[in-house]
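Single-structure report; data block below.
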Amino acid sequence: MESLMAIVIGILFSIGTYLILSNQMLRIILGLSLISHAINIMIIVMGGLKTGGPPLLSNSDRGFTDAVPQALILTAIVINFAVTAFLLVLSYRTYKKHGTDDMNNLRGNEHE
Amino acid sequence: MKPKANDVILHTVTKLAAIIIFTFSIDLFWAGHHFPGGGFIGGLTTAAGIVLLYLSFDIESIQRNLPIDYKKMAAIGVLIAVFTGLAGMFYGDNFLEQTFGYFDLPVFGETELATAVLFDVGVALAVIGTAITIITSISEDEL
Amino acid sequence: MSFLHFLILLPFLACIFIPFIYKKLNIHLGWIVVFVPLFIFINYLLFIPSISKGNYHAFSMPWIPSLGINFDIYMDGLALLFGLIISGVGTLVVVYSIFYMDKNREALHNFYIYLLLFMGAMLGLVSSDHVLVLYTLWELTSVSSFLLIAYWYERKKSRAGALKAMIITVFGGLAMLAGLIILSIIADTYSIREMIANVGIIKESSLFIPALILILIGAFTKSAQFPFSIWLPDAMEAPTPVSAYLHSATMVKAGIYLVARMTPIFGGSATWFWLVSGIGLVTLMYGSFRAVRQTDLKALLAFSTISQLGLIMSLLGVGSAALYYTNGEAQTFYAFALFAALFHLFNHATFKGALFMVVGIIDHETGTRDIRRLGGLMAIMPATFTIALIGSLAMAGLPPFNGFLSKEMFFTGMLRATEVNMFSLEWLTSIFPVVAWVASVFTFIYCFILLVKPFLGELNQSRLPKEKVHEAPIGMLIPPIILGLLVVFVFFFPNLIGKYLLNPALYATLSAEVPAFEIIAWHGFGTELWMTIGVIVFGLLLFFSIKRWTIIFRVFPDQLSINSLYMSGLENMEKKSVSLTDRYMTGNIRHYLLYIFIVTFSVLIIALVGFDGISFDFSTNSYITIYDIGIVIAMVAAAFTTLLTTNRITAIVSLGAVGYIMVMLFVIFRAPDLALTQMVVETATTALFLLCFYHLPKLGKRIEKMKFKLTNLIVSILVGVTVTIMTLVATGHRLFTPINEFFENAYELAGAKNIVNAILVDFRGFDTMLEIAVLFIAGIGVYTLIKLRPKGDDSQ
Amino acid sequence: MNESAEVIAGVLIFIGTIVSLISAIGLVRLPDVYTRSHAGSKASTVGVLFVLIGTLLYFLISEGYFSIRLILGIVFVFLTAPVAAHVICRAAYRNEVPLTETSAEDELKDYFAAYEKQKEEL
Amino acid sequence: MNNLLIFPVILPLIAGLIFILLPKQIRLQRLLAIITLAIVTGISILIMNQVSANGTQTLQLGGWQAPFGIGLVADMFAILLVLTTSVVAFCCILFSFQTIGRNRENHYFHSLFLFLITGVNGSFLTGDLFNLYVFFEVLLLASYVLVSLGGQKKQLRETMKYVIINILSSAFFLIGIAYMYRVTGTLNLAHISVRIAESGQDGFITTVAILFLLVFGIKAGLFLFYWLPGSYSAPPAAISAVFAALLTKVGIYAIIRMFTLIFYHEPEVTHLFIGILAALTLILGGIGAVGYWDINKILTYNVIIGTGFILAGIAAFTESGTLGSIYYLINDMIVKSLIFLIGGVIIYLTGTSNLKEMSGLIRNHPYLGWMFFIAALSLIGIPPLGGFIGKIFITRGAFEAGYFWLGAIGLIVSLMILYSIFKIFMNAFWGETIISEDEEKGTTKGVMIPIVFLTVLTIGLGLGAELINGYVELAVDGLLNPQMYIDAVFGGNEIP
Amino acid sequence: MFNIFMILSLIILTIAILFNIYRLIKGPSSADRVQALDAIGINLIAGIAIFSVYLDTHAFFELILLIGILSFIGTIAFARFLERGVVIERKR
């Protein structure tokens, strides 16, 4: 399972990277989201998979999976949500202001 | 030009559903200590309920009945979380030291009370406040 | 803190007071300031008796003692000689400046602050024993000379000259710093005296030669040696008192000082010998040759200074051969050149200071320094002419002036250099006297130009900017007269300074005992005298035929000069660096991301392979069910849909699908809390995506070049493969048991049965607290993004 | 005890899934939004109710665990699914999504037309 | 256990949150902000003295023993940076009152500024890898909002790039954390250090170390600095000053912490790599700085150069090099904020950032000009100002380690700094005065206090280095002996 | 036996979801897509329920209700949007 997930993570990273490199705001954000999904999977994989039951003490008949990565992912998900929300609104505002969603047109090297 | 839609069905069900959602979110919030759930998820569910109200009614009429500045609510939430941390220090403990105990309350029977719950209240408030702030900000931008 | 410290710090202290007093003064600020150098000079004079007996004084003042950085000073013959020159000439220059700088028109407080800063730095520099303090003051002289050169900062030329001087001298300073640091690492001390004591260790080190070269670069830049000499002519933009002070008597001598000070450490080695004497001679030749051509009096003096510094430098180089021997006649034989160097250094300070002041007077009274405009001033300014006569003849090396003595000694030194036989390439030394002689001829010529062109001939008033040219005020004449008198005085009583100043200084330079030298004005018809006579004959011949042979200057076009090399180099550097930087700083984020991806992941994969980090261990892997595979396939399919679709709603929804499949994964991986949170967050994210992107243009099919797609493809595959490999390695690379078992006591410890929740609110509650703070900041951010807009919002 | 739970729950859940499948087939096969809405909401609501009740019974019987959340869930789904279908259909109609050719009647059409006419007159 | 440690983190946060509740009282907000930062400064000094007297101070949050809970650890290095941060923040916010504009103040500028300080201080103090990530996010989000605050075209555009790159680097950071957790099974920095020391730094761990280096390198502007010039020149001076002074320094701090506490087993590989990156950074930064004629660009490239310098000292990994790095780091924080503030005033006065369009400011603003001059000299490392001890000891350290090329590049780049900064001085302050005082677009009223204060500090750091040298040497000791840090964290408890 | 039965149910459910996805992609109108999404949500609820039985855990019951709530809100939001062009109205 871990090996399978490693490959999935790799694929998600590849797709995410491809999207990020595509100069279009929406695609970039989609790519970033995919990568953050991949990372969440990676963290939980790193904690070890299916080594026990859910980390709830009430069903304590079996062992528990590692709860630490789960807590980390929870924090990461929330932070990621916050950042994505900000980035989305930012990109929307940038588009409105500049009239383009192509990062290639947002170089800003010309003197303003 | 179309006639104005009649939203009676939606409004009625929305009110009912909102009550269920709020109940559920409170349940999720309380359950967090022992079952899946907790402040964050409870807060988000509450926010979802509020969004549902916004959806089927409109922002102004909800604001009229629930006059809350969500930014302040969020700030207060974070402050609560911080101050539960500080509270421990007055008793000479470390910052964020949580305590819990079991109390025999008249109605609920033996109940566990933990300062962590207060912390979670802060989390929930912060989440609700932020989520609604984001949603209303965006929708007020006449998207 | 000793009295000597006080003397050195006195100029700095005076600086602090100047801003407070200068506005209240009715008299010229210089009258106050002049007491500072005068006081120092008098007190330095009082050191002579003790120093001339061969004593020295060392004092220490703590600065950063715990780092071993202390203001250690050391007063020996060399320091005293320099200190007297600095404070003596300083006094005269300040007096001179009182008449030169107009009280009402100039920002005098700035001028004197810079001057005092410089003076203090210079005094400290020559008596510092600590290399880092030496460096500190060295840079301070650069900075203060920068400020002085750019004193008239409105002028473009002043600024350019100042910057050039600053860049070159700071460059040298940095090289010197590197050299000094290397020295201090080798000798494990910052004290120059201790380095000299441990010279054996230093000479054995493999870093000896680099340190030597670096320190010499420092000395050469400061002393305007070829090819670093280019800053000095441009530094003439400074007010003339400054030129007289910095660029004849003091700052440029700092390099000489450094070479002299370092002689005990480096002297006796072939590299040092060849570099110092060789560069010195080249500079001597170059300076005198270029000086002949100048039409600006100050530029002429600048090149003559370069030339004279080369002379001193070459003598120091030749004299360093003395260090090859530990004692005996041979040492004395070569040490004579060092003695000559010190003597000429002193003489140069006197006659060059006088000459600069003369030029300043001419400039001040006539308004120009261009020799093509000037002429016949002798009749109007007899006193000035007399001083000019003394100064230029002394520089030309004619009796009865001190220059004659040191010039003769210079020839002696060069002749003795031909007998050097302990270093390789010794045949080269036979060129030394030839070069010395030729350069002396040119020196003779420019000295005559300096004397003849402005003072003899016809005065053409119409060419001069100022009307009614007259003799300078007496106050302005006093300082050059004093210097001129000194020039004559030294010729007649050379051994007075020889005994009390030069021999102790020589002793300090050599750091070894040699018999005291006597300066003799007449020693028969030796080779030296014949050389001098030859110089006069040829010099006069060439001077009168100057128009016929100046054609040879055209052989060297201006574009090839080092100066134009510097200027075009600077310009090119700006252009090249802008074009280089603009090439990679395109402003397009895709390029930046490409760099980041390529660098990060290629470095990672190289590191992983290079450090033998790849080792797989699948034994700890958990089982796979069909359902898992289904979920994984669905996930990958959804991800590919996100990539390939051209419909933005589809892209967003399929991204959401990936998120929801994550929920399923979390369910499989026994993470209910995660599943719940992911579920809600994914919904909210998707909703936000839809809200924000509904009004944006459609994704559409963009026609991108093949190269674009191929680059993306290669980079993304690189990223994916690297991440996969690293993750595979990591999964089999658990070295320790994780700390999670502790948290399984959550119920006893935190009263919670949900371990994840216990971690979130209790064990790692701090994370959660900050996490909601992050969320909150994002909320505020969204709010301000939408609410706060600049006036005249031009959104579409 | 456990076996009876498995049997009851198994049967209910299986029925639920079948209903869900049928509803999905309906969703694919039926001709227009409005008809598909029947299949989508009604059938799948029934399906999910069966599954949820089965689950509820399973835990009730095997563990004696009565989940209020599940009950709440059942109520919620039962309450909202029809409304959701209603809202979608209305939106579709107002967006002028065409009815299938075979539709027998379109009462709203006349009402909308009348309303429009009235507006124009005003 | 020392509860004081929480205050530098929590006080700005609380104050910032309270400002949200008082949206209209700008004056009160200003006052409170100043008071908060002053208190934080005071507490930092207090902690610093405790650290120097009693050794490294720790606070296990929630009272959970070391590897399980999150711990704040104040060793001398961290607390020195916290102190500097507080001082710099104090000056920058003082500066902002006059320049930032009512509009921004009404839109929570003060809160965001304080949140940023929370993030920075927290990053310095935390002893937990994941918590470090969280603090990074706090400061990053605050910085995102601060860069975009105002909503001008340029700001939005540059924020976009800034955010994207930082999200990506945070993602890489999480990858590193995941691998680290897999290998060592813990998140506590000291615990990781212990475990890696026990197992040895094998190839995979070294690779992860390099991943961390690159991640923090992106944040610190080490070689992968491409995002930096744009985003630092977009916001107003008070914000870009605090960015220049603090944000890259957090990345630098993280690199130093990771490579002295955890990954110190293979210095000939990892530290050499840091050295190569530092050299490249120095060269590219120097080349960037000398070419342009725009104040903002010149200054931002100097930020990059600063990063290169500091890490060159760490690359050497000798006592001198580390000492130099710390001195340079502290001075850089002070002098960068100073020079950005003055640069801001110049732009504020002339209304342009193009050097070719300004001239002769010194006639009307002599003090500003001379303070810029002092700041410039300090930046170049001209003694006896603050920068020189750092420069000398970094060079010395590089030489001692045998990295002569690194020391040489550092010195050559000093010359480039000199050229670039003096270009500003000579073009902005010297030359003919072309605008009279009446024509200026702004005044220097009220902004001189922080500038003077920072100038005094940078002079004092050089002349009065003896006063803080004891602390700096303690910091060096702490960095070179990771055992001190570990002992303080575990406080004698058994290490699981 | 029981577990196989559950797996079978899950597979049937997956097929149902696939049908729904077909409708989601095909459309043709936005209303169709929203409807399909709604159906997927409801099917997911069933899936989770079956999965809970299969795993014999009540850890995921919250998820069931949550999916219900979110799918309802999503549907309403979409419908609102289709009907009025805005998601949340400032004032009616």
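When the chains are written out, they are named A, B, C, D, E and F in that same order, and each has its own residue count from 1.
Basically, a contact is a pair of C-beta atoms (placed from the backbone, for glycine too) under 8 Å apart; a residue touches a chain by one contact, two chains touch by 3 or more.
Chain by chain, the UniProt names read as follows: A = Na(+)/H(+) antiporter subunit C; B = Na(+)/H(+) antiporter subunit B; C = Na+/H+ antiporter subunit A; D = Na+/H+ antiporter subunit G; E = Na+/H+ antiporter subunit D; F = Na(+)/H(+) antiporter subunit F.
This structure is a prediction, so every number in the text was calculated from the model and none was measured.
Chemist: Please identify each chain that touches chain A as well as chain F.
Modeler: Neighbours common to chain A and chain F are B, C.
Chemist: Report which interface contains more C-beta contacts, comparing D-F against B-F.
Modeler: Top pair by contacting C-beta pairs is D-F.
Chemist: Mind having a look at which chain is the central one, using mean CA positions?
Modeler: E
Chemist: Could you state the distance in Å from the CA-based centre of chain A to that of chain C?
Modeler: So the centroids are 49 Å from each other.
Chemist: Centre to centre, by mean C-alpha position, how many angstrom separate chain A and chain E?
Modeler: The computed centroid separation for chain A versus chain E comes out at 28 Å.
Chemist: Between chain D and chain E, what distance separates the C-alpha centroids? Give it in angstrom.
Modeler: Taking the average C-alpha coordinate of chain D and of chain E, the gap between them is 59 Å.
Chemist: Report the inter-centroid distance (CA atoms only) between chain B and chain C in whole Å.
Modeler: 64
Chemist: Can you list the chain C residues in contact with two or more other chains?
Modeler: Those would be 585, 587, 589, 593, 670, 672-673, 675-677, 680-681, 683-684, 688, 691-692, 695, 723, 730-731, 734, 738-740, 743, 752-754, 760, 762, 764-768, 771-783, 785-787, 794.
Chemist: Touching two or more other chains, which residues of chain A qualify?
Modeler: Residues 20, 25, 28, 42, 45-47, 53-54, 56-58, 68, 74-75, 78-79, 82-83, 85-86, 89-91, 93, 97, 103, 106, 108 of chain A each touch two or more of the other chains.
Chemist: At which residue positions does chain E touch at least two other chains?
Modeler: In chain E, the residues touching two or more other chains are 13, 17, 20, 61-62, 130, 134, 137, 141, 144-145, 148, 151, 153, 160-161, 164, 168, 175, 178-179, 181-182, 187, 230.
Chemist: Given the complex with chain F, which residues does chain B contribute to the contact?
Modeler: 5, 10, 14, 17, 21, 24, 28, 31, 35-37, 41, 45, 48-49, 51-52, 54-61, 135-136, 139-140, 142-143
Chemist: Would you mind writing out the residues of chain A in touch with chain C in their complex?
Modeler: 1-30, 33-34, 37-38, 40-42, 44-58, 64-68, 70-71, 73-75, 77-79, 81-86, 88-93, 95-97, 99, 101, 103-104, 106-109
Chemist: If we count contacts the way the header does, which residues on chain C are in touch with chain A in the complex?
Modeler: 582, 585-590, 593-594, 597, 618, 620-624, 628-629, 632, 635-636, 639-640, 642-643, 648, 651-652, 655, 658-659, 662, 665-666, 668-674, 677-678, 681, 684-685, 688-689, 691-693, 695-697, 699, 702, 711-713, 715-717, 719-721, 723-724, 727-728, 730-731, 734, 738-740, 743-744, 746-747, 752-756, 759-760, 764, 767-768, 771-772, 774-775, 777-779, 781-782, 785-786, 794-796
Chemist: For the complex, give me every residue of chain C touching chain B.
Modeler: Chain C reaches chain B through residues 672-673, 675-677, 680-681, 683-684, 688, 691-692, 694-695, 750-754, 757-758, 760-762, 765-766, 768-769, 772-773, 775-776, 778-780, 782-783, 785-787.
Chemist: How about chain B: which of its residues touch chain A in the complex?
Modeler: Residues in contact with chain A: 34-36, 40, 130, 134, 137-138.
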